[in-house]
Each structure stands twice: as C-alpha cells, then as structure tokens.
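Lettered A, B, C and D in written order, each chain numbered from 1.
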Amino acid sequence: MAILLLLTLAGYAVGLLLPLCVPSRPRLQNTLAHGLAGFAGVAGICLGTIGLFAGEPFTTSVPSTLPLLTFAIRLDPLASFFLLTISSVGLAASVYALGYVTEFYGRVPISLLGSLFNGFLLSMTLVVIADNGFFFLLVWELMSLFSYFLVVTEHEKSDVRYAGLFYLIMTHVGTAFIVLTFLLLFQGSGSFSFEGFRRPDQAFSDGMRTMAFLTALIGFGTKAGIVPLHVWLPYAHPAAPSHISALMSGVMIKTAIYGLIRVYFDFFGGHFPWWWGFVVLALGAVSALLGVMYALMEHDLKSLLAYHSVENIGIILLGIGAGMIFHSYGLEQLAALGLIAGLYHTLNHAIFKALLFFGAGSLLYATHTRNMEEYGGLLRRMPWTGAFFLIGAVSIAALPPTNGFISEWLIFQSLFLSYEMPSLLMKLMLPIAAAMLALTGVLALTCFAKAFGISFLALPRSSHAKHAEEVPWPMRIGMAFLAASCIALGLAPMLAVPMMDRVTASMIGTSIADRMVALGGWALAPVNVEFSSLSSPVLGFVLAATAALGLALVALYSGTRPYRYGKTWACGLNLTPRMEYSATGFVQPIKRVFSTIYQPTVKLETEFLEESRYFAKRRRFEFHIEPVFQKYLYDPVITFMSGLADRLRIVQAGSLHLYLAYMFVTLVLLLLVAL
Amino acid sequence: MMESTVMIAVGLLLLPPLTAGCLSLLINSSRWLHVINLISIGTLVGAEAVVARAVFLQGSVTAFAEIVYIDALSSVILFIIGTVGLACSLYMRSYMDEQVARGVIAPKRLSLFFFLFHMFILAMVLATVANSLGVQWVAIEATTLATTFLIAFWRRRESLEAGWKYLILCSVGISLALFGVVLMYYSSLRVLGDVSSALNITQLQQVAAQLDPHILKLAFVFLFVGYGTKVGLVPMHSWLPDAYTEAPAPVAAMLAGVLETVAVYAILRCRGIADQALSPDFTGGLLALFGLISFALAAFFILLQHNYKRLFAYSSIEHMGLAMVGFGVGGPLGTFGGLFHLVNHAFAKSLAFFAAGNIHRRFKTVEIDQVRGLTTVLPWSALALLISGLALTALPPFALFTSEMQIITALSSSGLPDEWTQPGTRIPVVILLLCSVVAFAGFLYRITGMVWGPAPKDVVPGERWSVGHVPIILLGTMLAGFGLALPASLRHFVEMASALLLSR
Amino acid sequence: MIAGQSIFQAIVLTLAQAIVLIALSPAIVGLIRKVKARFQCRRGAAIFQPYADLRKLFCKQPVVSTTTSWIFTATPYIVFASTMTAGLLVPVFASQMPLNFAGNIIAFVYLLALGTFFLILAGLDAGSPFGGMGSSRESIVASLTEPAMIMAIFAIALTAGSTNLSTIVHRTALLEGIVTDPASHVMALAALFIVALAETGRVPVDNPATHLELTMIHEAMVLEYSGRYLALVEWASGIKLLVFLTLIANVFVPWGIATSVTPAALSIGLTVYVAKVAGLAVLIGTIECMFAKLRLFRITDLLGVAFILALLGLLFFYILRG
Amino acid sequence: MSWLTPHVATQIVDFSSAMLLLTCFAIVAQRRLSACVDLFALQSLFLAMTAALVAFLTGSRHIYIAAALTVVVKVIVIPRVLKGVIERLNVTRELVMKINVPASLLICGALVMIAFFITQPIIPFGHLLTRDSLAIALAIVLIGFFTMISRQKAVTQLIAFLVMENGLFLGATAATYGMPLIVELGVFFDVLVAALIAGIYTNRLQDAFDSVDTVHLSELKE
C-alpha cells in the first residue's frame, strides 16, 4: 500500500514539476503531464480499492519542521472511497485532456496547464487522505488555489477574470469558517491531529458543538455550493477549460461532502441532536430544487451543468441528512441506508457530471461556442459524443437502467422509511422532501431533454453547428470510460453497494450490506426487503425483452419495409432553423408556472410594417431572471463593507496636525491607563 | 570557536557599511558604487553567519566592553537585515542604473543615495546589536535621519511632503521613546547605582525583577508609543503609506521589510525587561490590542486602494499588527508565530516592492486601474507580484500561511491577555478572521486585476533577464520553502529567540 | 421471487400478463370512444375499431423526416418497452406477480418517465414547431404530475407497509376487502385519479381527439410519426392508459383478484379485472364528455389540488394511526 | 559653600525648572516667530543652568559636558540656523492657528496637571534633589507636543519639537543626573542633525510649495 501511495503522489508530483522543465514543445508537454496524471490515477484507483477493503486503515506520517504541522496520512474506508472517486474521474479526465488541450496549443502554455492539472489532482487526493487538521487546511487551500489558476486559464476574457476572483474570494470565506471549526475542535483536544478531534463531545459545551456544526456547514457548504452559498459555482465552473470543469464539478465539490461526513460522523461520532440532520436535509431539498430550476433557465450549456451540480449536491445532502436524522434517533441501520444512498449518489454524480462536462467540452471543441441556441443537429455530425452525452443525460435524469436512478431510488427509500421515526414532524417532513426530490427529478428530466434535444437534434441553428466535426479519439475514450461505468453502476448496484457499506460500517458501526443485497444478490432492498426491492438487471432484461417484443410485432405485421424520407410538416413551408423550438421557448411554460421563484423581467420590442400593424418587421425579445441571492444577500454585504471602508477614509485625511493629534491622544490615554 | 574571530566578525558587522558609506561619497562611477555596495553587504552576511554560529554555540555574544550584545533574537533580526539587504542591493543594480540612464537622477546624487543607504543599514545593524538601550535609541533615531532624504529622493512635491511627515512624526515618536529610556534609566539607577552600564540589556535583565513597576509601566508606554510609530501601528501609522509610496522601490523594500522589524525588535527588548517586573498581561495586552486594531483598520484601507504601493504599505501595517498580536498573546506558539511572521513578511514585502518598482518603471503609473496584463508585459515581475500577493494574503504553500495560522491558533486557544478582555472570549478570533477575509478580497482583487488581462497597447511588452531577477527567485523560493519545511537551524534560532522572550 | 412459484409458473404468469395488457388496451381505448360517442348521441365506431386502425398503420409504409436522427426511429420501441415494463410491475389479474421483486412503485414511475423523456426528444427531433410545442407542454405536465403521484402512492404504501405493488395489492386483497384507513385511501384515490388523467393525456388535461395542433400536447409530440412507428406509439399510450386504470382498480378495489395461482382463481380474477377496467373506462368516457379541456396554465391548479389531496391522505394516515 | 544645603539646592533646581516651564507657556502664547526662537534660546539657557547646577551639586563631571553642549548647540547654533531660515522665508508671524492662544494656554495648564498627576506616584523614588523636575520635564514634553499640533508653520513646529527635546534633556539630567555620556553625545548629535535636516526641508518646502505652511501638505491622503 505504501508503494501505491508513493506511486500516486509521486506521479502527480512529477507531473506537477516535469512539464515546466522540458523544452516548450506542446505535444511533448501534453503527453507528459496527462500521461503521468493518468498513471497516478490508475495507482490511486488501486490504492482506493485496497484501502476500502483493508481490515485496518493504513496510516503513515512525516513530521515537519513547523509547529502544529505534521504530514499525517490515513486511509480509512471513507478516505479510500473518495480517493477512488477522485482517481477514477481523474484518470478519465487525463485521457480526455490529451485530446482536449490541443485546442489550447499556441494560446496557453501547455506546460503550465498540465502541471496545474496535476497539482490540482494532487491537492484533492491529499485533502481526502490527510489526517491532520493543519495539513488538511494547507492542502485544502492549495486545492482552491490550483483550481483558481486553472479557472483563469483564459484570463484575457474579463468574465473569466471576474469568475475566478469571485470563486477565490467565496472559497476563502468558506475556508475561514473551516478554520473556525478546526480551532473549536483544537480547543477540545489541544492538537490538530484528527485523532484528537474525534469525540470532542466530552470536552464540549452544547453551544460550542452547535457553533462547530454551523461553521462546518457554512465552511464546507461554500465549497459544495449549497444554496445560498452556491453563487460562485455557475460562474467559475463554465469559465474553466472543460476537463477542469469536469474535475471541479464532479470531484472537487465532493471533497466538501467528504469534509461534512468526516466532521459530523467521524469527529462528532454521530452524537448530535435531530435538528442538525433536519437542517442538512432542508438545505439539501432547497438546493436540489432551486439548483435545477435555475439550470432550466440557462442556455449556456456549461452554466446549466454547473447549476445541476448544485442540484445534485442537494440530493446527496438529502441522503446524508436523512441518515443524520435516523442516527440521532438511534435507528442505526436506516442511518446507514441514508448515508449509503448519499455516498452512492456522490460517486454517480462524479461520474455522469464529468461525462456531461466532457460532452459539453467536445461541443465547445467542435463549435467554439457554449450557447445552446447555436447548436442543433449535432447528433448526426458527432454521433459518438451524442451517444455518450445521451447516456449522461439519462443518468442525471435518474432514469432506469442507469446509475443515477439507483442512487435516487435509494434516497427515496430512506426518505419513505421515515415512518419508523418517533417524531410526527419528521414523519411528515421527510415525505415532503421526497416530493420535492420527485419534482427535482422531473425538472432535471425536462432540463436534459432540453439540453440534448436542442443541442443534438433537428437542424443546425448556426454555421458553427453546421460545420462541426467529431472530436479526436482520446476525448471519445475518456467519455466512453465514464459512460460505460454509468451503465455498469446502474445494472450492478449489488456489487457497488458493499463498497459504500464499508464506509458506513466504519462511520456508524453497523454493516447492512447483507440486508441490502437481497434475493440471492439479484435485488437491492432498503433494510427490509418487504418494504421495497429493486432488481435493475432484471429490469434491464425486461426492457430489452419488451423492446424485442415491439420489434417482433413490427416484423409480424409489416415485415421490415424500408421507410421513405420526407420533409417535416411545417404548414407547407420549407423548414428552417428559425422555425424550430428554441431552448428559451421550450422552458417558457415552466418559467411561467414558477414565476414566483424566477421573477422574470420580460422585454419585447416590435417594429411593425408601415402598411399594417398586423405584420411585424422586427421583433426583439429578451428576459432576465432575478438573481435573488446576489441582490438580497451578497450585494448588501459588499456595499456595507465598502461603505464602511469609505467612511474610514477620514482617518487618513492627510493633515500632519491630525496625525500628531492621534499620537498625542494615544499617549495621554495610555499614560492614564497605565496609572 | 576562537574569541578573536568572533570579535572580528562583530567588527565586520559594523565596519563595512561605515567604510562603504564614506567611500561612496568619493566615487562617481555607478559601477564601482554597486561593487562596493555588494562587497559590504556580502561581508555583512558573512559576518552574520560567523556570529550566528557563535550565538548558536554560546547562547549569546558580548563584545567591545559590553557595548555589543548579540543573542538569538538579535541574530534572527540580523538574518533578516542581511538577506533583505542583499536582495535589495542585487535589485538596485538594475533599478538605479536605469534611473540614471533615463536621467531621472544625476550620477552625483547616486553616490549620495548609496551613502545614505549604507548609513541606513549601519544604523539598523547598530540598533540590533547595541547592548545599551540608549545606544539602541540613538541608532533608531539615526535610521529616521538617514531615510528621510531617501524617501524624498525624487524631490517631487509629494515626495517632499511624505519626507517631511515622516521626519516630524517619527522624530516626535522617537523622542517619546527617549523619555521612556530615561524613565527606564531612572528606575534602574536606584538598583544599579549611577553607572554607565545601567542601561545595558545584560545588566537590566538581571535586576529587572527589582525595578519599580510604576515607573516601568510609564516607561513602557512611552517606548511603545515611540517605537510603535516606527513600526507603524495604528494610530501612529499615518506617515507610513505616504513614505512607502514616494520612496524609491529598494528603499521602500528596506523600510517595509527591515526597518519595521528592527523597531519591533526594540519594543520586544524593552518588553523583555518590563515583563520581569510587571505582569506580562499588561505589555502583552497592549501589544495584542494595538495589533488587532492595526490589523482591522488596515484590512479596510486595503479594500479601497487604487495605488499599488499604498496597497502594500497598508498590508505591512496589517501584518505588523498580526505579528504584534502573536507577541501579545504570547505562549510558545504565539511568540514563535510572531517571529516567524516577521521573517516571512520581510521577504514577501520586499518582493512585492521589487515587483512594484519594475511595474512603475514600465507603466509610469501607480494607479492599479492602468496596469493590465503583466503576464505578457513583465512575466518575471508578474511572477513576483503573484507570489508576494498570494503570500501576503496568507495562502499556502507560502510561509505566511503557517505563521498566520500559528498566531490565530494561539489567539483562539488563549485569547487576549485577561487584563484587557474577559477571559476566553472568542470575539478577537472572529474579528481577525473577518478582517483577514476582507483584506484577502481587497488585496487579490487588485493584484489579479494587474496580473491578468490583455496587455495595454501603449506599453512595450517583454522583460529581458537581468540580475534584478535573482532576488525575486531567491525570495520566492525561500517563501515557498519555509512554508513547507523550515530549515532546522533557522527553526532552532527562532525557538531560542522565543524562549528568550518568554523567559521570566 | 414469490415463494412457492416455479420458474416456469413465473414466466407463464408474466407472459400472460403481458399478453393481457397488449391485447386489452386497444379495446379500452375503443370503449372510451364508444362511450363518448354515445353521450354525443352518435353511434360511433365499434369498440374493436382500434385494432383495425393499428393493423392499417402497421401495413402502411412509414415516412421519416429528413431532419431526424436515429433517436426518432428508436423512440417508439423504447416507449413501448418502458411502458410494458412498467405494466409488468403492476398486478393485473393475479396479486402475486413474479416480477414484484424487480421494482417498486418508484421504479414504475421512473420507467414511465423514461418513455416520456424519449417522446419529448422525438418531438424535438423532427424540428417542427408543433413537435417542440408538444414536448415543452408534455414536460411541464409531467413535472407537475410527478410529485402528486409520489405522494399519493406513498400514502397507500404506508397503509400496506410496502411500496411493491403486488405486495400492496396482495395484502389489501387478503383483508377481505376492508380498506384499513378509508380517509387516507379516499384522498389518495382522488389524487391518483387526477394524476392518471394527466399522465395518460385525457381531458381535462389533454384531448386525444383534437385536430388543432395548437391545443395538442401528446398528439403534437407524435405528429411526425406515421406507419408502424405511429402504431407502436399509439399502442404504447393505450397500454399506459390501461396500466393506470389497472393500478387504480387493483390498489383501491382489489376484490376478486387472484390471490393464489390456481386456474379457477385466475379465471375469476381475469373476468373481474376486465369488468373493473371497463367500468373505469366508462367513467373516464363520461368525464371527458362532461368537462372541457383546461387551459394549459390552469392545469397547475388541478394538479396542485391532487398534490394537496395526497398530502392530506398522508396526514390522515398519521393522525388516525396516532 | 555651607549655605547650599540640599534643601536650598532643591529650591534652586525647582526654581530653574519652573522657569523652563514658564518659557514654554511664553512660547505657546507667542505669535512672532523670531520671538519664539529667542524664547527657545532662553529656555535652553535655563536648561544649561539647571544641568550645571546639578553637575555642581552632585559632582558628576560629564553633566558639565552636557551643559556645555547645550549652550553650544541649543543656545547658539540652532537659534542661528532658525533665524536664518526665518529671514530667508520672511515669515514673521503666525497668523492662523489651529487652536487660538487662550485655549492653548488653558489646555497646556491641563497638561501640566496631567503630568504632575501621572508622575506623582513615582516621584518619591527620585533623588531628593530633583523632586519635581521629572514632572516638569514630562509637562514640557507634553506642551511641546501640543504646540506642534496647534501651530501650522513648519518653523514653529520645529521649535516646538526642540522644546520637547529640552523637556527630555531636563528629564535626563535633573531626574537621573544625566544619562551615560555616550548616550548624551548620541542624543545631541541626533538633535543637531534633525534640526539641520528640518531646516533644509523648510527651504525645499518653500521652493516646492511657496510657503512653509504645513496646511498645504495634505495632498497625500485616501
């Protein structure tokens, strides 16, 4: 294991340094950096898998010459699980990047891009395996820093700069809160080692524990993008190069989930009141719903995906929150179920979100635009990308038989099982959360029907789309890998669930794998098989069989007569792209139904012909959604701060006498105090 | 080690700047001026190494009839003086020559510049190694006199104004400090009798416990306000932004990097004596309180800066405040963090001013809004600016992250000294974190605005390699390196120093 | 698997159910049309007319738009498959369906969603404005329906202590037909009925018989389909309707369903089942004649009501159970 | 000299330090610059006297040197320089002040009280000979400081600064019988250089701003 660990870290580290040293030949640097990253990724996958099933957590530590800081590493199941997630997505990303960064040749120093990419992966890996608070903070900040530099890769664009800065500041605010949490824990134990952090409840008053809970929630929530701390996400993720967006959206925000689980279940050992869980659950539900709703209104494909990250983080938190509530009522097995559901969705989201961002990247690569309204008809020009994107879309819309469906199913189960809880409030609240989840699910479905339908189907809406070509092989391979795992995790959850179970067993102390894998390994069941069960392989088989039945029917009646081609019926006119339903038009009804949330402002200008008011010469339509959180939450803070600073100007008024007066007053006052 | 070698080494601490200063008055060729400068700094650094070794072995070194006293604390400060001084001298090679070439200054004034520069260094070294508080005071006043013309060197209206303000405010402050010294003497007389050694640190430390607390309190207040003016603690900071903005880049680097540090050193020395008789809560609370105020105020001023030199000036107020908090809170952690922070800040800030100097030479403006696309125009300076910027906002892997975290941890675990706030309150930590976030936002908003973006049309892009880039690399690597692995020897020195500060 | 069933039995039962669903669905559609015709004082086409229609469609050569991709031609099969699979999760005439373990009510819902997803894509694929319109409207209706459906089903699931449909039906059936808590059941029933209307595109949500493109939802989506593809889609929607009727019938009034696998029980179950769904079909036909189609943005209110009803059902359950 | 009992000596020292304080008030009240300079010279003279007296009474030689230096530097050299500056800049009187004379005088009175109040607990430790001079020294320092704030002309500020220095010197000599010689020398050197530099500055300011009114020095601000 030590060897594997060394290989992983060394691979990234070398990848971080070497590209900067070799002569500036983009191709060479590209292969070098991403090759090494891929190698380290493979090592990381092995390491994670071994660590997940190892009996004893593997620990090692290197003392540093600095006080408080020790480079301590611990590979318990939780860490290994996230390591596994990071490494697999990292591997796919490095393969994808081999092709993708060719777009940047000549514009951006590839050496820098590659080495930062490695650094980013390295820091993320270290974040999840760090076993010392100080070390954790160090790599955590490094992670933010690397990702920031990657975000501003194309810093000539002003919006990219803005996005980067906004991201950097927000994440630093989050870090400040995490520091606060760790300082609180530090007071309990007097050391920064995670071992000291565990079970602080003896040393803690309730007030301090509540404070720690809240600070941790805000701190990690900022990184995870929980509403209302999500505002940076839709700026930063699209601004980065797509393989980076995939990493940020798929993996980086998961480190925050890791942090939350680590603090609540590991450090606090699950000793918390029910309302902690409820807060998490409620935030999750809100994030999920608002995330998808804002996503629906996005026509920039990457921002759309970014908002979906908010949604999915919300879904994950639903699982974790439910787990926390169950745990606080002592229902260990159900708690384990909730946690497993959350973790499973974490893994799945990492995979299909990365896949989708890869797809978006490919579109960007082929068309050089992110605006969906300029896509269209790409499925015929980019069949591979299209197919992979479709798989991703189906998974994120949680449709069977893909992985997204399984994890959402599990979360539904854990929410439904709320009827075993003593409190009536919770009994009612969890099903409502379930209803919100259902709404979220369907809206996600709509959103990706839009995303796929508008981008890939019908006629091309712009010359970009008309002349698009399929992307090079490495990118396709990267996507294929993830698409395959989407299907695999969807069809064989019984093989995946034991992995999560290892984690929950180490966190909560009850293993429920044997109870979840029911009916001879064919079906998946939440704790009791009587309540519900799901057998995705059988479902898949039945789907195939019935489809075959349909084909049989066709063959039976009409044989296989070839169909003939005709024009689409457009009231007798020739169909032009302008006639097609636009993305904006597609979501119009939703915008109208949920207008209370969007508060849209619509502007319609029409120029009529001179002859008659019934014929418009030109129409101009634009609508904006109220950025509620910026307007009512962030702007006030910013204005207050800058206003305060402005009022402080008078201190530095430039008059020598004033300055002397300061000194004089200070002196006299201090003399009087000293007396 | 031979006593004599140590003596010589100590002599070589003071002699080179003096001789070099006098020589440079006689020389006109800029080339030779630089050579002499480098030689003197080189010898200085070498001597420091020898002395440091001696201190390492013996714990402290006294020389020249107890006029010179060097212990771990002073050697740490000497280390800072040496390193930053060397960096500045290397940087000046490219900086001053270009000024001369562009005819900004006449060659004759160049020699004057070097003379003052050497005097400046001499005064600082003297202040660091002086055994007598009186001599230390004289030396620190001398730094004021030496630098005031360096600040007003460009002879513009603004620089004159800055120089005048600097002169007046600092001289007043310093004379208050003198009153403090007098009081110190006044109290020590009764114990030691009327001997000329009654102001010697060595003597005072032995008898300090018997000194009268009342007088010491007053004395410390005077000394704190006086030297605090030099450090630039709010509300005695007012001269600082103006001076740093108007001074030539290397001078600004020295002021920000070293002079402040030396002033802090003076305060620490006096505190070391005062604490023997007083409860450390009084002095500590004073330091921590003013540190906190400085930190908070500076953070908000950083938020509204449009001038990058002022930006750096306020950031050094901020960091000095932070270090003060560290010393004030005390404890092994706080003190270590404070000293370590001094070292790191010196490096980062001088780096920042080097970058600022290069930018100013190329863009001919100090307005942040008019500086864009450094990555393409001045890649090296952009790198320096980024490193210093990230370091000064305490981001890893740079060392300030570590020291700041140490200080914050110390503050949160022990709180402000009890005499000033009710015990165990967590408000100071929250204030500190909040303000650090504010400063972070303001600082990086400006820095990134300058570094990124497309290059302006009217500026010639490209930066040729010059010797002026050596210090950038030097300091950058040190900052990054110390953040992850502090050399054992340096750590040992810092620990010895903090042990001295905590000894009671 | 259900205890005491051999693999052979299981397969036979499943196939039988599949055949019943496939065979019966056109008749139900025909029946509804007939009822409506009667109410409109027409004689109307024969109940079995839909079979003839389907046959004709199968024989016609389909026309496919030049703008479409493989999605368009694949969709009918996917829709058919997903609907059938969903149907196989619902017990039709025997309460102990072998596929019970394969998926619960959530799976049922999401399988239907799969079909909807692809139909929406197909609607967009042809690039015709009507298709897009249909898709967009379908999506909003679906998204409003889903939460209500989940809540309603959950209210029922609670009473039976399971979310697997066969288990629910089986347990309810064994209670000699006395529903455990009528209050919550009634609420859930009402909610589910509204949901069914919306999901299957009946009046007052959508009008399957309309010829105005601008008012269409489901019909607009499939406007470009012809020949065998249209046949499959139509058939699938028929099956979907039948499945929903089955769900309502068996979950709320499971009387007479075969609780054991004996020829007698099965034959009784089948007849009772046909009677039940026929009854419901008549009911739907009546409703379609009595109500007018709602405006698109009025549908919100209707489905809102459904959601609230379902929630009340849940509340009643907990309150009454204490 | 038998009549010179310690008691009498204390009386004399107190008297001369009182004179120092008096001259301070005079400077505060005085608007004409040259007069200020003269008063400063006078004060320095009193200072030298006190120092000499202390030296004579305590018999510590090096205070004589200090006294002599005071006479040379503060009574002769610096006033000359200042006079020269004033002539060249032809600023005769301070017309506007931040705080007008009566108010300043009142404040100064308050400052003296504060000084006595502050030093009161530590007086008893002092030498019998110089009981009150520490308090007076502090008072002079504070007054000088205050004058720097209340006056606008660079020259007056300079004078006020020197007054502060005098206060310090009084403290050093009277209260502690003089600092170690090396320190004394250093202090004198610094004071001298500071004064000269300030003089040079005033010229430059005159050239740059056409006035030595420090109110004009407020361009550098936020």
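Please note the rule applied: contacts are C-beta pairs under 8 Å (C-beta built on N, C-alpha and C of every residue); 3 or more make two chains touch, one makes a residue touch a chain.
All values reported here derive from a predicted model rather than from experimental measurement.
Ranked by C-beta contact pairs, the top pair of chains is A-C. Averaged C-alpha coordinates put the centre of chain A at 71 Å from the centre of chain D. Distance from the chain B centre to the chain D centre is 31 Å, each centre being the mean of its Cα atoms.
Annotation: 35 Å between the Cα-based centres of chain A and chain C. Taking each chain's centre as the average of its CA atoms, chain C and chain D sit 102 Å apart.
Each of the following residues of chain B touches two or more other chains: 164-165, 168, 172, 176, 218, 241, 301, 304. Annotation for chain A: residues touching 2 or more other chains are 649, 651-652, 656, 660, 663, 667, 671, 675. Of all possible chain pairings, those that touch are A-B, A-C, A-D, B-D.
Taken in their complex, chain B has these residues touching chain A: 164-165, 168-169, 172-173, 176, 217-218, 220-222, 224-225, 229, 235-236, 238-239, 241, 282, 286, 297, 300-301, 303-304, 332-333, 336-337, 375, 390, 395-397, 401-402, 405-406, 408-409, 412-413, 429-430, 433-434, 436-438, 440-441, 444-445, 448-449, 452-454, 484-488, 491.
Contacts from chain D toward chain A in the complex involve residues 98, 114, 117-118, 121, 142, 145-146, 148-150, 152, 214-215, 217-222. Within the complex, the chain A residues that touch chain D are 649, 651-657, 660-661, 663-664, 667-668, 671-672, 675. Contact residues on chain C toward chain A in their complex (touch as defined above): 1, 18, 55, 58-71, 73, 76-78, 80-82, 84-85, 88, 99, 101-107, 109-111, 113-114, 116-117, 120-121, 124-133, 135-137, 139-140, 142-147, 149-151, 154, 157-158, 161-164, 167, 223-224, 227-228, 231-232, 296-297, 300, 307, 311, 314-315, 318. By the touch criterion given at the top, residues 64-69, 134, 137-139, 141-142, 145, 152, 155-156, 158, 161, 164-165, 168-169, 172-173, 176, 179-180, 183, 186-187, 190, 641-642, 644-646, 648-649, 651-652, 656, 658-660, 662-663, 666-667, 670-671, 674-675 of chain A touch chain B in their complex.
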